[in-house]
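Order as written gives the chain letters A, B and C; numbering starts at 1 within each chain.
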Amino acid sequence: MSEPHSYIGFEEYSQRIPQSIPAAVQQATSRFVGLRAARVAEMPHWEQLRQLGSDIRLHTIENLDYYLTKLEINVQAAGGIVHWAATAGDARQIVLQIAKEHDVKLAVKSKSMATEEIELNHALEEAGIEALETDLGEYIIQLAGTGPSHIIVPAVHLKKEEIASLFSEKLKIQAPADPAVLARIARETLREKFLNAEMGITGANFLVAETGTLVIVTNEGNGRMCSTMPDLHVAVVGIDKVIPDWETLTVFLKLLARSATGQKISTYTQFITGPRKEEGEFGPKEFHLVLLDNGRSKILQDSVGREIFKCIRCGACANVCPVYKHVGGFAYGWFISGPIGAIFAPQMLGTRVARELPYASTLCGACADVCPVKIPIPKILRHLRKRVAEGDVVSGPAMATSIRATAGLVSLALAWNWIYRTGTRLLPSIMGVFLKDGWIPSAPYPLSRWTSVRPLPRFNAQFRSWWKNKLGKKDTSR
Amino acid sequence: MAKAQLFITCLADQFYTGTLQNMTRLLEELGVELIFPPEQTCCGQPLYNNGFEDRTREVARNFLRAFSHTDAPIVGPSGSCASMIKHHYPDLFPVGTPEHNLANEIAARTHEFTDYLVNVLKVTDVGAVYPHKVTYHASCHYLREMGLKTEAKSLLSNVKGLEFITLNEEDTCCGFGGAFTVTFPEVSRLLMEKKVGNIIASQADTVVMCEPGCLMNVAGGLYKAGSNIRAMHIIDLLAER
Amino acid sequence: MTYSVIESIRNSLGRGTGTPLLRRPEIFPARQPESVDVEIDQFLNEVNKLSGVGKHITTQEIAERLKELVCSENIHKATLWDTDLLKQLGIEDLLRETGVELISPNASKQEMELCDLGITECDYLLPETGTIVLRSSNKKPRGVSLLPRIHLAIVIPQQLRADLHQVFAEAKDAHYLVFVTGPSRTADIELTVTLGVHGPKELYVWMLKGSI
């Protein structure tokens, strides 16, 4: 398990979201959904690809030790240095140690969820190292001091006017509310940093075991800059990112961009195997790969839960999720949000901290339809709800005793049908007192949680008696 | 003569007696001899979907007992309830046990109503007459778990006088999600209001769906919004003459 | 320390060091290419769709096109790959003739940063996506296609490959590869697509006609 994290109160957070956030998030999600649909329509083999993607990832997960061992050998053969980080703390230590040995004062980072997971920036800053995000969206939220509202476009909740004043304030310049100009300002400001940074930090989209190759996908070019300009390149990557070989990589490259943004392929895809070979070619002199466990190896025991490691971080699930679209990324309390966040966080952080997240879904199943690697998200949500409600081999129940007790009473009433039938006969008159114009606008707790949003219909169970009468009439008519 | 067992579902039992009566009439008109096992209560879905798997087993046992007095198919007015039986009951019992075998056997003969009509009885026209502008909300489990993509629309296309209007975001969740309405009422509200907004914008005078749960949510939401749009279960629409 | 993670994985999966690897799933066959002309057209179309500038030109046209480019894009400094085709075409001299200052491809990053134009060839071309694939070496430095605000790639039909499968089969031994598909872009600010964030703002791809 990773380090202690504060409790994630999805219900509370979801009620504190300003209106502007869902509105902005929905613009992003509908754009990506439309573009993805267009790309999928062009691919007659799409379903086959998804199945292959799923099979390959599962195969890799089930043989993870084999592939990671192979990866390590090949990265080292290519002149890279491999580090194993059992915990987030270990990973931070390793990166800090490397930075110290190279007297790093400035590090440039390209987008990496693994580095968010271990909260690397904070650790670097404490050690007196300037750690700059270079992906435009990440750069913006770093300046703003907030978290991401969407996996792919983390700053989408901010209007251009807000970004302009942010730049004006933090960069001490006059920034107009024009996206093209703001992007140019970011380009010019970060240029100098790319050229002067002693260390480039990246993640990786995939790790190819066959040759020890890192695959990095970006649209802006900051991934290229971070892994090409500084003399030192450090990649922090979760152990779940490994794939067997280049042949299988073709499947994921065909699935990833189409699922994420509806592009056929992202602007830049890099395939990095070790440091540079010749001095004049550009590229780092030294390359370090930090492989991050942080609780993943333990989760492998759970044959249902471990399907989260098939994830290729496209965000397609979030784009179709009706819950996510109305609350945005912040409500999920961690760097990874939407449906994948709801099944990742409870396993990585534990169900005591994230017990609300598996319930932050209507189980509508729209996510499972679009996941490029067929992660059975509703199945895993139910699996984790069981862990929260009743406990399982991984951990004991985390749900409030009162709710568990209520569920016990409910199941009793439903299992002992005479209790249910008696209740059904009595409810119309009991609930009748709350009737107004044929509806129940306000009912006592816990039904008040329903009626606070919309009225309950009239309790009107008459079918059973009607059927009995019907049978009686049939008999007497004979 | 075809025989079928009526699976009335706990929600329709409590709130939609009329729908159940219409279901009975429609099936009898189609020549189906109906059996109603009175020991039935609920399929257990609210418990199962909220993680109370052990608790669900007790409820499932009652269902299996109630419906195994005869081997006639089981028909209910809900895709999510039918899906619970078909797709999740077998998972509740260890493979190889008699209960698992019974669950499998019952799962194989459980049907959602429109599925039974269209795919078993091979009927798409029940002689309904409903000259109104009707829009359709595709319920999540009905659509995705049961895979019923065309049945409801086939039936609606044969209703005389019906003018079909496609609902914007037809297959987006209405926010019912079972207990979701009481676990996260405010988020449920946002989804419900979006759905209600789309329904009102469609300019239909009726919205039809195949789930009692969605119906409770949407009908309540329309009422709260002061709308006159009629929310109906497809069974009630098909019973219109 | 090194293997505690691997040990933990083995424990969880119930595998030992000797546990055999199950066969991994087969991939379905790669795309078959159409005729060269169709492939070239598709390639250039895709480049143009992405706001790149893809042109099909003869070697004779190069001098004029280069001059046009230098004038319209205000090129003062340029750098280029130290490779055979570019030498054969005399690109360096052509640039000098138009008054452009040449920076060595092996110059420091600070020097190359001042270039307006970087010219490369390419190693492979993918028509379905309009992608150019570049290797890396002393003669083909990575900075040339990355630092200048304009990247020009001069390519030939022989570099076309039908699918990712072919490229990977040929290039997986490379210590570095980059796929370039269009100019650098972002939609991070209010989803407005903006070009030229960190990588080149313009991508020109000139596909040469006739035999080289």
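Following the convention adopted for this analysis, a residue touches a chain if its C-beta (ideal position, glycine included) is under 8 Å from a C-beta of that chain, and two chains touch if they have at least 3 such contacts.
What you are looking at is a predicted structure, and each value in this text was computed from that prediction instead of being measured.
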{"item": "Nearest-to-centre chain - CA centroid comparison", "value": "A"}
{"item": "Which of A-C and A-B has more C-beta contact pairs", "value": "A-C"}
{"item": "Where chain B and chain C are represented by their mean Cα positions, the distance between them in whole Å", "value": "55"}
{"item": "Chain centre separation in whole Å, for chain C relative to chain A (CA means)", "value": "31"}
{"item": "Partner chain B, residues of chain A touching it in the complex", "value": "10-11, 14-15, 22, 322-323, 326-327, 358-366, 368-369, 382, 384-390, 399, 407-408, 410-417, 420-421, 424, 427, 439, 446-447, 449-450, 452-464, 466-467"}
{"item": "In the complex, chain B residues that touch chain A", "value": "8, 10, 12-17, 20-21, 24, 36, 38-42, 44, 46-56, 58-59, 61-62, 66, 140-141, 144-145, 171-173, 175-178, 180-192, 194, 216-217, 219-221, 223-224"}
{"item": "List of chain A residues in touch with chain C within their complex", "value": "24, 27-28, 31, 45, 48, 52, 55-56, 59-60, 62-66, 68-69, 78, 84-86, 134-137, 140, 153-156, 158-160, 163, 179-180, 182-184, 186-187, 190-191, 194-195, 210-211, 213, 219-222, 224-225, 228-229, 239, 244, 246-251, 253-254, 261, 264-274, 276-283, 291, 293, 297-301"}
{"item": "Of chain C, residues touching chain A in the complex", "value": "1-6, 8-13, 15, 19, 21-22, 24-25, 27-28, 30, 46, 105-106, 109-110, 113, 128-129, 131, 136-138, 140-143, 146, 163-165, 168-169, 172-192, 194, 196-200"}
